[in-house]
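These are the structures in question, set out in turn.
The following pair of complexes shares a single chain, subunit A, combined with subunit B in the former and subunit C in the latter.
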Partner chain A sequence: MSKVLSLNSEQQDALQELLNISMGQAANSLAQLIETKIDISIPKISAVTPTQLFSLLFETENAYYTRQSFLGNIHGEVMSVISRSGLSEVAELMDYDEPLSKHDIQEIILELCNILAGACLSGLSEQLELITNLNMPTLFQPKKANFDELNWQHSLVMEVQFEIAISSFIMRVVFCLDDVSLSKIKTTLDEILE
Partner chain B sequence: MFEQLVDKLPVGIGIIDESFNIVYFNEFFLDHLPLELRDNYKQSSIAELFPEQGKFLNRRLKSVFVLQHPSFSYWEQRPHIFPFKSSRPITGEETQMYQNMEIIPIKDTKSDGKLACIFLQDVTAQASYFKAQQKLSEALRREHEKQRQLIRKLDSAQSQLIQAEKMASTGQLAAGIAHEINNPIGFINANMHTFAHYTSNLLAICNGIEKRLNDFNDDLKHQMEALFEANQYGLIKNDIDELLEESTEGLIRVRDIVDNLQSFSIETAEGLQSVNVNQVGRQLISLISAQYNSIKYIFESDHDEINVIVNPASFKQALMNVMLNAAQATSENGFVKLSIIDKGESICLKVLDSGSGISPRNLSRIFEPFFTTKPEGQGHGLGLSVAYTAIEQHQGKIKINSKEGKGTIVEIVLPKQEAIDSSS
Partner chain C sequence: MSISVLVADDSKLSRRSVIRSLPQELTYNIAEATNGEEAIHALSEQKFELLLLDLTMPTVDGIGVLKFLNTSESAPNVIVISADFQPEKQKNVMELGAKRFLRKPLDKDELAMVFFELGYL
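Up next is the complex of A and B:
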């Protein structure tokens, strides 16, 4: 792990705590919107290489992928993995009519990612007192070869998994930050810890 | 000033309050609204104003008000949220405007109430371009697929050519060998006759001696009898005719096969000739039966000789292909029957076999070039298509009927005298 990436244990604990709070808020927002119960996993923080990131995200079977970038005090990308199973129940909760067309499904996926990623990011930004703006999400079909050629060595990733209680639906949201943003977060965490 | 700026921006800007009623539309929105709505849009519900996408708009607005987070929509999934006309009513390819939409949460600076701001982008040009690109790439893909098929056919044709080349040289080889065999067969045949003649002379001498044994004195008689016995004269006398007969028959068969080989392999004569189809049929059967010898062959014709004007090479090739297929489809103890019927103006050749038959699905494609059910490398799917072309060129008709597991019947009708297609 490069030096830039290493969070000390205090920073890591603080970030973990902030993530717990903001992800909880995100789940609440979504639950409020679609009026159903949502479970979230404990957020995971780790450092990955491009190849590891690919395995972490895109070797999931039967899934849709999206990506979405964010700007502001910190820069990075949110990538989401959405299970194909259980999607029709979620569509119903979101007030879509059966049968779902290809375009309906795409729209649902993009909207789900936007809602969850947006909620997570705004929660985190609020906790860290940062300003962030999320750009529009797009569908993503990554190729492993392209990932092997990416020009960064390590990235900090924060991962959280959402599950909707009444269906088999699972969605994973992964935040990746660039180096500059990581330094910024570390500074902010230190300020909070003081 | 800012109000003017917002009004003139080339994107649609609309402000919606928490009850989903319209607070403000900029000029972009107003310009696209029907005339009767332009004066009294304020405070009307957005879902009422745009009923087609009302449900969707309400849903997205709710999400923005609840989550306080932007919502996006793209033309790919939902091209026409607002039923606006394209901005190029005269020259544009599209009649409806393609739109990307973003709704962001804002706050009323005076009352601090929650509001939503709709940004609407006209992306008709991009959408139109994208769709044209997609069409193009689809056309390209189809073209590519066609070419791939052509290449496959070319590959197949090339291997067929190589095969044909091989067959042609095999044919020439066979003709050469046939010619070489003919010479020794000629003198063996002649010698055989002389042999038979000499043998009968020798036998006559011995018979004469045998009859007159009693005229010799006892000593000589015993000597002669011992000599006959030692050389098994009795056996030789009985066996020799049979042996000679068998050998002569064998020679005739060899000569027949060689003749047939020659007449099928050195078919250089182009153009029309009178051909006795009965003779061709018989020759074919004897040729094919040499290779596929576990089947019974039946030849049937109501005349000894039926003459037609054909191109001998292509006619023989056609009949050979049909007969070969029949023989190959037929298993041991089955039969292949060739009947030739004279119908006055035309002749009818029927090839009937008790073979495996052809499924209805395959039957419809049977004359297609390169269609084959044989394992790869054993057939090129050209036999029947060649036959079809040859018969067509003779202004004839070829028909096929089959029942799976029962057998197949191929019927060829050929006019006796006809003008051949100039392309032949």
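Up next is the complex of A and C:
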């Protein structure tokens, strides 16, 4: 059964801060790659059911979508949604030549997601002292039926805006977790809050 | 003698982490601010020796607080503690008068070293 993630206010604050730190590390990795300063917004975090997740994230066509599973002390799936706007400027900073081929675009999306979602998950895992291994991302096209059938009971959506000098793009990172993994995270958050 | 410290961070977890990481050899009078606006208000009302400042905060961010301090007659020593540690950001805060830039998650030993360098230990 799908349900909204239940975190108390202290757990929510702690998780938001841990993700904020992780996203800072992710932005630093990206800034090094494109040799450009990046400003990031304060991450907005919300919890939704898989059905709500579809409505929230995938109603628009103006985005690219990737998913990558992770295993370890907690397991689940990370989905990344990157706005199409701003991508060609990022591609230019990554030394891609215009016009971008379909292959170029796929490569850039997968690289960005791997850096940003990967740094985000590894930063979170490190701070929670959990071991997780992230698989390679794959591009996918969302279909509503897929979301009704998701195995994960909990979805944590984090939205961050990345501003670069010449453009900006929005990325949403969604952590999908099962009951056991969420319970493990909540226990660990309570331990660090003691 | 106690050191008056203002800890400015929107996250309760981070404020707690910073306070727990303060060197145990000293005693402190600690005040907390949950955003830049509260920090500026506290700095206007009271004199602090040390400000431990986050950058990414709602209402007014850490950069705004540093800019405010540049217009103030008596500014505390500022240690910026941030997850956004890109070189340009570090350069910016140092130019605005911060004494040190430390990365989140905060390393207790690194903070103690900064206290030593600033003459508190």
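Keep this in mind: the second predicted complex is superposed on the first by the 168 of 194 C-alpha atoms of A that agree within 3 Å, B and C clash if a C-alpha of one lies under 4 Å from a C-alpha of the other, contacts with A are read in each partner's own complex, and residues count from 1 in each chain.
One rule holds for everything that comes next: a residue touches a chain if its C-beta (ideal position, glycine included) is under 8 Å from a C-beta of that chain, and two chains touch if they have at least 3 such contacts.
Since we're looking at a predicted model, the values are computed, not measured.
Once chain A of one complex is fitted onto chain A of the other, the partner contacts of A:Gly24 are limited to subunit C, with no touch recorded for subunit B.
Using the contact criterion defined above for the overlaid structures, shared-chain residue A:Asn114 touches subunit B, although it does not reach subunit C. Using the contact criterion defined above for the overlaid structures, shared-chain residue A:Ile192 touches subunit C, although it does not reach subunit B. Of the two partner chains placed around the shared chain by superposition, subunit C is the only one that A:Gln16 touches, whereas subunit B remains out of contact.
By the touch criterion defined above, A:Ile42 lies against subunit C but remains apart from subunit B after alignment on the C-alpha atoms of chain A.
With both structures placed on the common chain, the touch criterion links A:Gln127 to subunit C but leaves subunit B unconnected.
On subunit A, the surface touched by subunit B in one complex and the surface touched by subunit C in the other have no residue in common.
The touching residues of subunit C, when paired with subunit A in their complex, are 10-14, 16, 56-58, 82-86, 88-89, 104-105. Residues of subunit A that touch subunit C in their complex: 10, 13-14, 16-18, 20-25, 27-28, 31, 37-38, 40, 42, 127, 192-193. Residues of subunit B that touch subunit A in their complex: 55, 59, 62-63, 66-74, 76-78, 102. Within the complex, the subunit A residues that touch subunit B are 29, 32-33, 94-95, 103-104, 106-107, 110-111, 114-115, 118-119, 122, 134, 136-137.
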